Every structure is written in structure tokens, then in C-alpha cells.
Amino acid sequence: MPWDRNQMAARAAQELEDGMYVNLGIGIPTLVANYVGDKDITLQSENGMLGMGPFPYVGEEDPDLINAGKQTITELARTSYFDSATSFGMIRGGKIAAAVLGAMEVSEKGDLANWMIPGKLVKGMGGAMDLVAGVGRVVVVMDHTNKHGDSKVLKECTLPLTGKGVVDRIITNLGVLDVTHKGLHIVECADGVTRDDIITATEATIV
Amino acid sequence: MPWDRNQMAARAAQELEDGMYVNLGIGIPTLVANYVGDKDITLQSENGMLGMGPFPYVGEEDPDLINAGKQTITELARTSYFDSATSFGMIRGGKIAAAVLGAMEVSEKGDLANWMIPGKLVKGMGGAMDLVAGVGRVVVVMDHTNKHGDSKVLKECTLPLTGKGVVDRIITNLGVLDVTHKGLHIVECADGVTRDDIITATEATIV
Amino acid sequence: MNKVYKTAAEALDGLLHDGMLVAAGGFGLCGIPELLIDAIVASGVKDLTVASNNAGVDDFGLGKLLATRQIKKMMSSYVGENAEFMRQYLSGELELEFNPQGTLAERMRAGGAGIPGFYTQTGVGTQIAETKEVKQFGGKDYILEEGIFADLSIVKAWKADDTGNLIFRKTARNFNPPAAMCGKVCVAEVEEIVPRGSIDPDHIHLPGIYVHRLIQGQHEKRIEQRTTRPRPEGATRKREEA
Amino acid sequence: MNKVYKTAAEALDGLLHDGMLVAAGGFGLCGIPELLIDAIVASGVKDLTVASNNAGVDDFGLGKLLATRQIKKMMSSYVGENAEFMRQYLSGELELEFNPQGTLAERMRAGGAGIPGFYTQTGVGTQIAETKEVKQFGGKDYILEEGIFADLSIVKAWKADDTGNLIFRKTARNFNPPAAMCGKVCVAEVEEIVPRGSIDPDHIHLPGIYVHRLIQGQHEKRIEQRTTRPRPEGATRKREEA
């Protein structure tokens, strides 16, 4: 049975190691925070914070304390604040060990498209281009196929790119794939999902 | 009679206007602070401070509070501290209205040499190149001639440059000269000094 | 040196002209110069280019300047919360220059620091790079991004002293310092102006040299997404360790 | 995540190798990582390139590493207080790359921020520009300066919490933040380590992400030029307005 959103998040959480500074994107990646367990992970919010805490208790929302998804959050004992230039300085400078991001499409070369559908969706890339260009390791978490059943794991992305050759690992509802210079390598299959199931659902080259 | 060090500093202080942020170099320029009178001037120390105060009282020296000349100083009510990248960001970015600097040589084109005598003096430029390239107005304060009686106001500098075409005004013991695109223009003569005295003491073109 | 003005309108007096480039601080609706935006709306100045990470929402922040059609062009990284923006952009009434968020922040800081251009890997191989010069360092491609030099900066801080030294609060700092740095003139609005000397000089986030005019005012500080969790019985800690 | 080490030697264990590039914080003798410098002297590592604004004095700070001839090359803006430095340089035993002070600071920050190169007007038309690429922006010449990517950063702060968040004191901040940013690994020495949560997160000057290892120790904090003025009868104020 393919993984659900929470199982995908839990799998992504296994990518994170003790002591890491990590940036989690919006959507399923946000759920990863619920599964880090005892690991000492510091979450960056790219609007200017390290050490992002959980949502506040009702009545304790602070308009001056939001995450990159504009949600009210809280601080922790380790928290620091800084401006946006400093925040992206640490992203671009490779100080963030890993980012877990959603995607619309990923290619077998590690290209990522997650910011724009021409003529349709023009919200902007936000910090995604900076993150994929700068962080140590990029892990994508997404459904393997779109709502029409088409593969989102492609030979070439069809949508405008967020970054070229930037994805290290893809975690989907079907399993875990690594981007290698020869093509995609299946690392793990979800419970009850076979290699053949993944190959069938994938347009990209599997090696 | 030519101006002495303090008179030169007093004359340089007239260049400063109310509300200005100013950087004063080492030597005679440092004395300028004694002559600003009621004008509201904020002094920058390029090692990371705005609002430089006077020397501390004996016994109140703080090793963490020095100016760019490595002297112990004090802070004022307006003081702020910042790192060196920020400090030179404001210098390079033109936020400092004026710098008053010493010089070894100045040319009629506004070239300045004040950091090096090849084979002899290799202390380094410190922040001088950044200052002359970045601040709004560069005022040089120096003796008109060197100890051998040779003019320090030249057609062309002979020493390695600190900056090219960067000097706006020259204040010497003999008077005040402006750098114009045609040559140097005598703005003012020290008491008892004539235009001819200045012309005689100057190698550069006076217009 | 008097930097303190009574109202946003007075603080902007003489600074506005049609076609100017304005850099604005804020992220989403957090830490935005809401009073100065309102005063710019009231001034009627038009054909503005605005460099700001976001474009407000339909009825708040920069969204108000979009509603009045005073903005000709936005330089932003994310404009997803603004339906009127989307409409004007898709119909071709509004120009939009998308900048990766970190590139936008760095372009502002660079402008303020006298740096006309810098190289970054962000956007290499994407449409962001299409019109930009590419240069290799250490065998890798980087693109040239230019500093932003704004005619006016508008920012929001928590507190100021009367010399313009600013402190921000939590994530409301965001784009405000780089936006402030890149303006020929910077006007700041704050929740409280305190006498000089009241703020520890080691706690100042933005030195007063960057701030030319200053107002104190009441801020709505609207919350865009109020996310909470239930309070467990007896829980009172506001700050906890993960 | 344990960043706290007992001694400077332990904190540097495994990080030193001959020929490496070290970025050091400090200005003059103010805010220099004196304990880490001593430990590097003791380690015997050699052929170092050191990026530091100054080179210490003959018997203190980086001057100690010059005395032992462990430094092959300095990247500095001002080395005027060091006679041994001058001797080694003039005799050709020591390489010296002069950087304008602001260019050096910005090169460190750039390295830390993933920016391999930036343009500046500083040094245009001087010997600093001789080997550098020139580019025009708005009709003016600017030279290309490259980011510094150090193998190791050594910095001194006033206080740290156990997660490596740093605060500096007065002008002892100086080059320490940009130096810390540009190192693959950064080791910081502080006067006091406090538990996480003890420092207001809005007062932190350098977030712990930049600091990999940390020691607490006793600092000499030598004063280079002790300048004072006589105390007027009854004067006690330490902070006054000009």
C-alpha cells in the first residue's frame, strides 16, 4: 500500500541527522517536524529565524512571529532572529544541511520544478530557488503521479525549473529514489509496493 | 603666517554640517573633532561604531572599545556597534557624508596617495581606499610641502595611489584648494599667506 | 539633526515623485510599513516600481497601492496571496519581475553597500538566468545579479531612538534592514520612539545612519494565517525546547 | 549536538592541516581569538594562509604565529604594528596580499554567503586593481573581488549559549562575524557560555549555525594604545552625549 502524507513525512524525517540545521518547505515537508523524534534538529524559517517552534497556544499568537508560510509559530530556547539577507546568506552559503521540499515535477537529472505553471499559476518562487541552489542536500517529497495519473518523475521537466541538477533524493508515496549520474536508483519501496510498480509509475529512467 | 595643526583642524571642521555622519582619519583629522562646536556630528569609527566619544577617564579604559587607530575611546548616547562588513557597507554605500583624511601626496586631478612608500613603508591601506571610494566628500588635511620643502600638491602623484580622482578639497597649512576639472582652485588663504605664496609652494596647476 | 516627524504624510513630504523606485520592508503582512503605505496611497503618486518580497493582500499593505493602480511594476519573490495582483499581472496591466527571495534580499543589501553586482548560483539553469551574464568560478556557473538602488525606502521597526537607531522584533525584522539600506532616503515607522541612550548600543539592529526620517504610530499588525494548537491543561510556557 | 569543548586544543582537534586557509576575527588586538591562536602555535601546523585584518603585535595574537614562522601568507589591510612581520615581508620570507579593509570584510561575508565574486569601486585606479577584472555599471568602473572560503574560522565573542549563538561586546565585534561566516568549520572562544534561552533571541549577533565548536576561557584582552583624559572633579558618567 502506498504511503500516505504522514508516512512520507516520517520517511523523510529519517533523512535528518542529529545536529542538522534544516529547512522544511510548505505542505508535506512541514509535517516532517512531527517525526524527528529524539534527534536534535534546528529548523530554519527563511524569513529570518533559526529554531522554529510549534504553533502557539490559542490566544498567544504573535503577529511579529510567523514562518515562511505566514503561519503564527513560537520560539524555542535556541532561537535566533536575523534579517532576510543574512537568512539567505546562510542558505546560499551552504550552512543549511538539508532542505525537504515539495515538487510538481522532478527529472532523472535532478532538475526540480515547483514554482510555476505558465499562464495559470504565477505565485512566485519565494525562497525555493535559493534553497535548492544553496543547501547541502535537497530531498523532494511528493506524490509519484499527479491527479490524472501521470508520472511526476520525468526524463525532462516540462514546467519552468526551480533548479537544474539539484535534487539528491525523491521520496514519493511509492518509495525512495536517488538521483545518480546514470539515472534514478530505487532505494526503497513502500510496504506492498514493488520495484515494478515504481517503474510503471515512472517516466524517468530507472537504473 | 601658515596655519598650525590645530588651525588646519579647525578649518576642516568648517566643512562639516549639522546632522552629518563623518569619518576622521588618523593624525590631524582626529583633531577636527575638537572644533565641531555646536554642530550635531556623528563620528564613525570604521572598526564598527557610530557615535565615537572622547578618550575615557583614567581607569575606565575598556579593551573592547577602541577606535580605528587602536586607541581606547568611549561611547555616547547615540552610539551603535556593528561588524566590519556592515561598517564598510555603509562606507562603500555612500552613507558617510564626508571623510577627513591625511595625505602624502595629492594631484590636481584629485588623486590621493597616503598608504605606501615602496620598499620603505608597507603598513597597508587599512580602510583608506574604501573611504575615498565610498564617502560623499573627501577632504584632505596635510602640510603643503614635505620636510624637504617639496610640494605635496602635484600634477601627478609619484607614490602608489589610494584612490583616483577622489579628493574634493585640500586643506593645507597655507590655505584651502578645491579640485576642479580644470585644475586646483584656491578657495582661501591662511592669514598672511598670499595666493602667490600658495602658487609658489604648489607643483600642480592652479586655475 | 531632527529625524522625528509627526505623521507619515509629513515624513514623506518632498520625497515622492511619479515613476520612482521604492523599496519596502516586510514579509507577508509581518513587519510591513503600513502607515507609510497608507500615506503613499493618499499622496496619489503613481507609476511606482516597488521592490518588496510580497505584494500584501487585497485590502492591506501594498495591496492598497495595487488597488489604486499606483504601482507600475513589482520586484518580488512571491505574490500568491493577492487576487487583484494576479488579475492585473495576467491582464498585462502590471509588470512583474520575479526575484528569488534571497537574491532580492541580497540585491537590496548590495545596493546599500555600494555593490553594483554580485554572482550567485541561485537561478542558474532556470528562466531567471535567461537574460543574465554567466561567469564561472571554480568550474561552476554563477549568474550576475545587480544591486538595487532605490529612491526611497520605507520600513517598519519595533522601536527607535530619536537618532534613528532601530530595533526589530522577532521575524518582523525580515527585509526591513536590507530595504532600509538600499534607499537614497529611508523613512521608518515604529511602535515607539525612545530617547537616545535608552537602547543598549549592542542591541541595535540597524544604525541610525540608514534612517533619515522617523514616525511613531499605531499599527494594525494583521495576522495572515492564525495557526494555533490546543493548550494542554496547565500549560503556560511560551518558550520551550523542542 | 554538543559544541562545547574544554580546551582550545581539543576544539581544534582534527581541524588543522599544513597549508590551510584560516580566517581570523579581530581588529588590532581587540576581539582576537587569543586562546585559539595559542593552540595553533602549540599544534605546530605550518604553511598557513591567514586572512585577518591585522597581524597582531610581535608577542601577542597572530604575531606569535609569525614568530614561529607557521604563516606562509597573510591577507590583511594593515600590518603596521608588527616589526617581525615587516622584517619577514621585506626579506621575502612571508607573502602578503593587501586587501582594502572593507574589501576584506566583504570578501569574508561573501564567502560565507555563497557569493564567489562581487564588484566594488574600492581600489579602482590603484595597484589593488592591477590584476583584477574591471566591469562598468552605470558608466563607472568597478573591480571584481572574490569571496573568501576558508578551511577554518577562529573567532572571539563575549558570550555564547551552548548552541553556539554568539553575542559580541562593543567594538570587539569587528571582523568576527564575517570571519566566522566564511569558514567551512568555525571555532569560537568566549568569555562565558550560558545555557540556551539565557540570551534574548533578538540580541544574538551571530546565529549558532555558523559556530561548530566552542570554548570558554580566560582572555588577556591586551590594550594596544591606552589613551585617556583627566577625570574632572566629580565626573562619574561613563556614557555622555557629545
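The chains carry the letters A, B, C and D, assigned in the order they are written, with residues numbered from 1 in each.
Throughout what follows, a contact is a pair of C-beta atoms (placed from the backbone, for glycine too) under 8 Å apart; a residue touches a chain by one contact, two chains touch by 3 or more.
Since the model is a prediction, treat every value here as computed from it, not as a measurement.
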Remotest chain, subunit C as reference, centres from CA atoms: B
Centre distance in Å when subunit B and subunit C are each reduced to the mean of their C-alpha atoms: 36
Mean-CA-position distance for subunit B and subunit A (Å): 54
Interchain centroid distance [CA atoms averaged], subunit C/subunit D, Å: 31
Residues of subunit A engaged with two or more neighbouring chains: 51, 75, 77-79, 81-82, 88-89, 91-92, 133-134
For subunit D, residues that touch 2 or more chains besides their own: 106, 109, 113-115, 120-121, 168-170, 173, 196-197, 201-202, 205, 239, 241
Category of the chain touch graph - line, ring, star, complete, other: other
Pairs of chains in contact (touch as defined earlier), listed by label: A-C, A-D, B-C, B-D, C-D
Residue ranges of subunit A in contact with subunit D within the complex: 18-19, 21, 40, 42, 44, 50-51, 75, 77-82, 86, 88-96, 133-134
In the complex, subunit C residues that touch subunit B: 1, 109, 111-115, 161, 163, 165, 181, 195-197, 201-202, 204, 207-210
Complex contact set, residues of subunit C against subunit D: 106, 110, 113-121, 135, 137-138, 142, 146, 167-170, 173, 196-197, 201-203, 205, 239, 241
Subunit C residues within the subunit A interface of the complex: 27-31, 53, 76-81, 86, 89-90, 96, 98, 100-103, 105-106, 108-109, 120-128, 158, 168-178, 205, 221-231, 235, 238-242
Sites on subunit B touched by subunit D in the complex: 40-41, 45-49, 51, 53-79, 81-85, 87-89, 91-92, 111, 119, 122-130, 133-134, 160-165
